């Protein structure tokens, strides 16, 4: 691990020694060790372990006494040749892309609307944050209640009041994914809104004032002042939302929507590992998921850096 | 909303966003229409985001027969008579079904919720305190000392946050089941004796179904976030601050305790909110690791929907009760939230 | 501020790259070192002495001497038994027995019943049905969990294969009055493999499907006349599925004229969280129509589950589905009960085990308007076997009291008390007793229905087979997939699963 050198400012004047005093070097070790140990023990070690398991044939309920059997890359070959796995990747994309896109548009739009002073703004904003504090599990269970056809409130308004054709939210293969997207949008749009608001409030006022002197149009100001300054922050938000919705499990598990075509990767992986107890194969799928998200995150970060370069 | 007064506007942007531009910027000549459109858009959005919350509250005070009644009843005392049944059912076994014996009445018995809530407080609270303390110390070290490979270490710490948790669920499960299982192998090679017994006993220790394992796990989930957030805060506190104290004869540890930590406390609390929310609401790990002992509320909540009755009211009431502590804590430290959601990228 | 943001962005970028390099590069020394460190932990059993292995071996064969690894290890090194038990945190608190089942009324009733167990406090855990299997087997994987597990008949093979439950064959000889039990129940809830006379469990709850209907509507003269005019038959609980469909359609077509909007509903849910719900509903229709889901002698599904009879049975079910409430495609047991209790639907089929949800007006508004009969047949009368057995975990630390509990539960007195609480005994003497007949309004129907039970495949691969069946049946009844297509998909996938698991045909 890290070797420690002298305090960052060697110019600091020496202090007279006191009893019970730790050297700075010891201090750094004391401060860092617990954190590093926990991360190594509970985050890194399991990851390496599952890397090993991903190359084995192993089921925790059947092979507990024989242990894992090394089978090389067979798990990966089987998974990558399995149309079911590819289907789950497509499904996950069908969830992640619309969810994050809608959250972005809606969240940014809301931030623009809320970015001005009006009575009750503080209260409104705090209320808007509650969805983020709710357990995703509760959110999904409660939306499930609202989605109920013929007894739920959503169906009542859309179908009974507005006379739209009845939507079988969670059971119709075509709408089931959208019902999951909607839940995610409800819970996480405030997150993007919050970040966008932070960006908006940081835009220096004099820029707008200068633009107004030049009689610039509203669109011009939005395009040339607001957007460029908020974009980097929004991209961070997107990055977080992408990673989080990619690994989203609780909502999908609790909403219980129909169809294998609507099963996202994390639920599929859970099934493989804790219902079928294909421990080795599940570990392999976990690794495939990991590699994909790393690649995606990298791509997004490249875009981010590109934007940054553009601005300089 | 689609009404525009600016000609030749590109159509690629979102409608609400465009409508908003005119009201969002400091406008000197607000067009009445645009303002109205913005207000309308805002209103619709607020209904979408706030109605489910209101509906949850309303549902939680409805009698079972009214929960699925159509047309829906919205206003307590006007549309329907609110009842405390659901809240009573959160804490007592009043509404749990007595089977064919209708006489069985659990109103006097305490339900399993308080015990689960206690576990939640202990585990999520413990993990939050641990993560914030340990993470703050590490962050201090990163901020104040030059550490070889510091940036690598920081990236390593951040990277652990990116993992899809479900990926590590399998090995965590295996590891927690028998974290010291390898000792058994070591003991096998020894003759009988006290040390062998010790190793054997230690090899049977499990981190499943107890408080320690899950608390450490949640701590680990929270650590990267705390380290990054707090490092940002410490970077803002000038180091002359404690150096002055050290010149006065305080040791560094004392200086940290007396001057730096009090200064960092609000930031620590804000950071704690996010660690707490994550740990408080976590579901899948606790379900796999602690299904029967030291179980937190989320798996319990999931199990409420059962028993052949749709207990929406009870679920809503439980959710509300379960949400309250987090809401209170969050509102207490709301001024630092913004920074929290952006992982320290936005300063206050 | 923006500048700072940018710097943190570049940090993020670097983080990603670092992640990429340590996640994918197999040549780094850390990943190479993995196998060596891991084998020792992942497979502790392989590296150990005979003590643990011996212990695990015994669990499979002679139940009476079966013990867990830790106790054996501890006894080998005399004197440290208590220490070993104290440090092992996986099982429930020492002494307090734990039973695990899924959340439904009988589980609640078992909690009440267990209060009378003289051997000490018993903790009954009721988990959501979707987690029932996963929870128990996760605990097995951790060599811990409840002392007594209530398994579905399908789980038995899986549990025996992994050595997770105790062989009770010998113990039963002296502790259970086997002659008083319905033989089919003994076999279904305990025997594995079928016909082997090796028993791994005893009946906990017998169950099969019942028909629930609105007796007030069925007795209503206006309804009766209209029904007779339409079908030329008297309205009453149906004895065939065709008749049931006719009644359901009659009520659906009446469009609320008699106070109900819908004719029939059941647990149509086909997602993995719903375990076996739509499959157990439809299997019995197929069987009654004269078909089968597979050939247990050859392990063939092709030509069985997609036979012409099966298509007919599924087409039938699709019609039946159309008589139910809108959006019932994900209905589970709860929603089915609710549809009957709230009065939206005239009839339903559901497990007898859920009967307790119907009986009192506190829980069920329409309780006094409901009546019950056995689920119907068609060409033959076969109904899905439900119910579960009591099994003793191989990992229990309370073996003696666990077995004492099983013995107590199966005793005639307890079984009578169980019947009073709404339980369904598999003891002939209890089923024939007036106590049972009078305990619940649907009990007489149970005694009749239970003679027609049939179970589905009991192979350890059942879960993968079930999932494809569940999904496709649901798609077919909800009209989202052609019935023939759905059945062909099921047949093919199931055949693939079976062929892969049994390349040399069925086990001998």
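Letters are used for the chains, namely A, B and C, taken in the order the chains are written, and counting of residues starts over at 1 for each.
Note that in this section contacts are C-beta pairs under 8 Å (C-beta built on N, C-alpha and C of every residue); 3 or more make two chains touch, one makes a residue touch a chain.
Please read these numbers as outputs of a predicted model, since none were measured by experiment.
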item: Contact-richer chain pair [A-C vs A-B]; value: A-B
item: Chain of greatest Cα-centre distance to subunit B; value: C
item: For subunit B paired with subunit C, centre-to-centre distance based on mean C-alpha positions, whole Å; value: 34
item: Whole-Å gap between the CA centroids of subunit A and subunit C; value: 35
item: Subunit A-subunit B separation of Cα centroids, rounded to whole Å; value: 14
item: Multi-partner residues of subunit B (at least 2 other chains); value: 68, 156, 162, 173-175, 288, 302, 305, 343, 345-346
item: Contacts with 2+ other chains: residues of subunit C; value: 1, 5, 9, 12, 16, 19, 41-42, 138, 141, 143
item: Sequence positions of subunit A contacting 2 or more other chains; value: 49, 53, 60, 148, 150, 202, 233, 236, 253, 274, 290, 294, 297
item: Footprint of subunit C on subunit B - complex, ascending; value: 65, 68, 96-102, 104, 151-152, 154-156, 158-159, 162, 173-175, 177-178, 181-182, 184-185, 188, 192, 196-197, 200-210, 232, 287-288, 291-293, 302-303, 305-310, 343-347
item: Residue ranges of subunit C in contact with subunit B within the complex; value: 1, 4-5, 8-9, 11-12, 14-16, 18-19, 22, 40-42, 44, 47-49, 52, 70, 73-74, 77, 80, 83-84, 87-93, 98, 100, 102-106, 108-109, 112, 123, 125-129, 131, 135, 138-139, 141-146, 333-335, 337-338, 342, 354-357, 359-360, 362-363, 365, 420-422, 439-440
item: Contacting residues of subunit A [partner subunit B, same complex]; value: 1-9, 12-13, 15-16, 18, 20-22, 24, 27-28, 30-32, 34-36, 38-39, 41-47, 49-50, 53, 60, 105-106, 108-110, 112-116, 124, 126-138, 141-143, 145-146, 148, 150-151, 153, 156, 160, 186, 189-191, 194-195, 197-200, 202, 205, 208-209, 212, 217-219, 221-222, 226, 233, 236-237, 240, 243, 246-247, 249-250, 253-254, 266, 269-270, 273-274, 279, 282-283, 286-287, 289-290, 293-294, 297
item: Of subunit C, residues touching subunit A in the complex; value: 1-2, 5-6, 9-10, 12-13, 16-17, 19-20, 23-24, 30-31, 34-35, 37-39, 41-43, 45-46, 53, 56, 130, 133-134, 137-138, 140-141, 143, 158, 161-164, 269-274, 325-330, 344, 463-464, 471, 474-475, 478, 480
item: Residue ranges of subunit B in contact with subunit A within the complex; value: 6, 9-10, 13-26, 28, 38, 41-42, 45-46, 48-50, 52-53, 55-56, 59, 68, 70-72, 134-135, 137-138, 140-142, 144-150, 153, 156-157, 160, 162-175, 216-217, 219-220, 223-224, 227, 239, 243, 246-247, 249-253, 277, 280-281, 283-284, 288, 298, 301-302, 305, 312, 315-316, 319, 322-323, 326-327, 330-331, 334, 337-338, 341-343, 345-346
